[in-house]
Amino acid sequence: MPPVLQVENLAKHFRMHHLNQRLDAFDGVSFTLSAGEFLLLRGPNGVGKSTLLRTLYRSYLPSGGHIWYHMNRGRIDLAVAADVDIAQLRRREIGFVTQFLIARPRVAAEDIVAEPLRSAGVPATEALEEARRRLEEFGVKRDLWRAYPTTFSGGEQQKVNLARALILPPRLLLLDEPTASLDTGARAALVRRLAGLKAAGVAMIGVFHHPGDVAALIDREIELSPREAPANVAV
Amino acid sequence: MTAALALEPPQLMTTPPLLTLRGVSRRYGDVIALQDVSATVYPAEVLGIVGESGSGKSTLLRMMHLEDSPDSGDYRLALPGLSGNLFDLDRFARRMLRATRIGIVYQNPHQGLLMSHTSSGNVAERLLIAGERSFGALRARARDALDASEFPLERMDARPIELSGGMQQRVQLAKAIALEPALLLLDEPTTGLDVSVQALVLDTLKRLQRDRAITMVIVSHDLGVIRTMADRVMVMRRGRVVEEGLADQVFQDPQHAYTQQLVHAKL
Amino acid sequence: MTLAALTRPWEPMSYGFLDASAKRELRRKMLKAIAVPGCQMPYASREVPMARGWGTGGLQVTLTLLRPSSVVKVIDQGADDSVNAASIRSFLTKVSGARETWDTLEATIIQSRHRIPEERLRADQVLVLQVPNPEPLRPVQPDMSVARQMHADADYGRLWLVLYEQIVRSGRIMEGAAYPALVNGRHVMTPSPIPRWDVPKLHMAPHLTFLSAGREKRLHAVPPFTRVEPLVFSDVPYQVEDHANLTCHRSGVSGYFMNEIPQGDGTSRFELSDSHLGIKAIRRAEGAAMAVGPTWYDGKLPR
C-alpha cells in the first residue's frame, strides 16, 4: 500500500513567554503510515499523545522535523506548508476527531452532520439523507435530529460530533480520544464505522482511552515515553 | 524568538489571493496607526483580525474599504476590471468600488445605515447607486437580501431607528450583500449586542459565508467571535502584525508573547 | 483738481437697470450654466427694486438679456394679468424701452413663475423661470457644501431613495411640482415648481431655458436640444396631471393644464392656466383672427 504519511524526527516544544520557560513535549518522533493502516499512540497521561496528533494536524506548530504527506502529485511537508494549503487539506483530505464539539446555536444536529457534504458540493437533500443515516448509526434518537445540539448531553453531542467528522472519508484521519463520554452502543458503532473507513483505505492514527475497543483494527503501535525518544512497537 | 519553523509559500492553493495588502503604513501626527502591515486573503476565506483598542485593526479595515489612504502601501483586489494599486484610484473610482464591489458592516449601525429611511430603502439605495431603475426589481432584490440576512420580512419597511440592535445589524448585512460583493468587511459586527443576539448574528454570518462563498475580513477584539468565524487570524498590536496563522493554531499554540497574553487572558 | 474733474457725470441708471459689471457677472454665469447643463452656478445676485422671493433671480437674467428690440412676456402661474407679472413687465419695459406682449408667439423673452406656456416655444425665444429653491437635494441633505459634493460625485442615491419610499408608502410618487429631472444625463435639477405637466416641454426643446434664484444666488440652464428626463423607475411611468378631459368654464378650451376653483357648493370649476391662450380662444370664437401656435398637448379650442 502506498505511504500516506512519513514523519521524520518530529519535535515540539512550547515557549511560555510570561514564565520565560520552555516546555518540551516530544522529539525524535519518526514513523511511516500507509493507506488503510491503523496506528495506535500509547503512553502515560500527559506524555504528549494529544500534542503529537495536534502537531500533525497543524493546530500546533512543529518545532523541528518533517511531516511528509503524500499525494498523487507528489508530497508536501505539513510542518512548513502554507496556512492556505493546510486549510485546503483539512477540508478535503485530513480529518481530526476530538471530544470537543463547538456547538453552534440554532443549527440542527442533522445540518451540522450534513455540513461537510454540503461544503463538498453535495446537494442538500442527499446530504441530509446521508446525515440522518449516520446519526441513526450512532444511535442518536430520531426526534433529536432536528434539535439543536447545544441542548444535548455530552454523550449525545459527541455522537453528533463523530457522525459529522466521519461522514466524508478523508485520506488521513486523526482520532483524539473519540470514545470519551460514549455509551457502549455508540462505541461499537464508532468501531464499525472506523472498520469501514479502514477497509476503504483511510489511514488512521488514534489515541484511545480503551485501546481494547479498537484492538481488531490496530496494525501498529507507537509508545511515547516521557522525555526519551519513543519506542516504535510493532504489533 | 518563536519556536516555529518558517512556513513555505502556497503550493496546493492555485487560485490567486483575492486581496493583497503590502507594506501599509499610516501615522497621524506622532501616533503610528499602522506600521508596515501586510495581509493576504484567499477567495471564500474568512480572515479574522484581532487586537485591542489602539492596535490599528479598525484603521486597517478602513484602508481595505478605501475610506482612507495610507502614507505608503499597495492594495490589490483580484476582481474583473481592477488592476494596479487601488490606493492610487481617484475619489470617484473609490466611491464606485465601495458602492458596488465591497460590502461593509460597521459596529455602530448609525454609521452604516440611514436611520430615518426604511430598512428596505437602505438596501435599495445600494442598488440604486449601482444603477437599478426598476421599482419591482428593487423591491424583490431588497427582500432577497434581507431574507438572506434572516431579517423578518414583515418589517422590511420599518425604519432602523425603530429596530433592535441585532435587527439593525441584519439590515447592515443585507445592505452589504445586496450587490453580491466579492469582499465583505465587518468591523466588530456584534460588539454591543446582547450575548444571545450575538450568537444568532454570527450564525447568520456563518451560514451566508458558506452558502455564498463570500470572502470576509472580520475585525474584533472578542476572541470568541474570531474563533467562531475565522479560518485564519492576524493578531495586531500597536499598528503592527505580531502573529498570523490558522485560527485554531493561533488560539491553541500562540507563538508571540502578546498573543499568549491575549489568549490566556480570556475569562 | 475739482470734483467735477474727478467724477463722471451723474446718470440715473444704466440701460436695463443693472450696471455693466452686474451684467457681466450675470452673462458669465449664464454662459457657464449653458456649458454645464443643469449644474447650479452661484452668482453675485444684485439688489433690484423688488423684495427677495418675488422673482429677483428671473428679473436679473431678463434684464441682462434685454435689448431695445426685445419683446417681453411675463406670466405668474400662467396669468399675464397677475399683480406681480404686471409689475415686472412694467419695470422691464420702462428700463429698456423694449415692447411688451401677452402673446406667447410674439415674445422674444418669456419670464415666468411656475408655468411654461402651452404653445411651443421657438429657437429664437428664451424662457426665464423664477426658482425659489434651486437645490433638488435639499430634502435629503440640508448642508449646501455636502450637496455640492454630491452633485460633483453624481451621488443621487438618496434622491432616488426618497422616490422609492414614496411609492412604498403611497403607491405612487408624490412629487407634484418641482419634479427632479436629470439634465443632459449628468446633473439633477429641480425645474422650479412647474407642474409635472410642464416638465416634458423642456426635453429636447429648440429654445434656451434659464432657471434663476435671486435669494439663493444660483442659476442653471437647459441649452436647446438637451435631454431633460424626470427621475422615474422603468416600471413606474411618469404621469402628468389628469387634465386631458377638463374644460375651461370661461373659454371652453379643453385638454390643457387647468386651475381648479372650488365652488361654494363643494364642486369645482376649472379655468385655463395659460390665460392668454384662453383670451385667444374667446376672441376667436367672437370672430377675430387670432394665431394660435402648435402646442405640446392635444387640447381643443371651441369652434
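The chains carry the letters A, B and C, assigned in the order they are written, with residues numbered from 1 in each.
Please note the rule applied: contacts are C-beta pairs under 8 Å (C-beta built on N, C-alpha and C of every residue); 3 or more make two chains touch, one makes a residue touch a chain.
Computed from a prediction, not measured in an experiment: that's the story for all the values here.
Taking the mean Cα position of each chain as its centre, C sits at the greatest distance from subunit A.
Here the chain at the heart of the structure, going by C-alpha means, is B.
When C-beta pairs in contact are tallied for every pair of chains, the largest tally goes to A-B. Inter-chain spacing, taken between the CA centroids of subunit A and subunit C, is 79 Å.
Averaged C-alpha coordinates put the centre of subunit B at 49 Å from the centre of subunit C. The distance from the centre of subunit A to the centre of subunit B, with each centre set as the mean of the Cα atoms, comes to 32 Å. The residues of subunit B lying in touch with subunit C in their complex are 91-92, 95, 114, 117-118, 120-121, 124-126, 128-129, 133-139, 157. Those residues of subunit B that touch subunit A in the shared complex are 1-13, 42, 45, 199-200, 203, 206, 210, 227-228, 231-232, 244-246, 248-249, 252-253, 255-257, 260-261, 264.
By the touch criterion stated above, subunit A contacts subunit B in their complex at residues 13-18, 22, 54, 58-64, 76-77, 79-89, 102, 104-107, 115, 118-119. Listing the residues of subunit C that touch subunit B in their complex gives 153, 155, 157-158, 160-161, 164-165, 167-168, 233-236.
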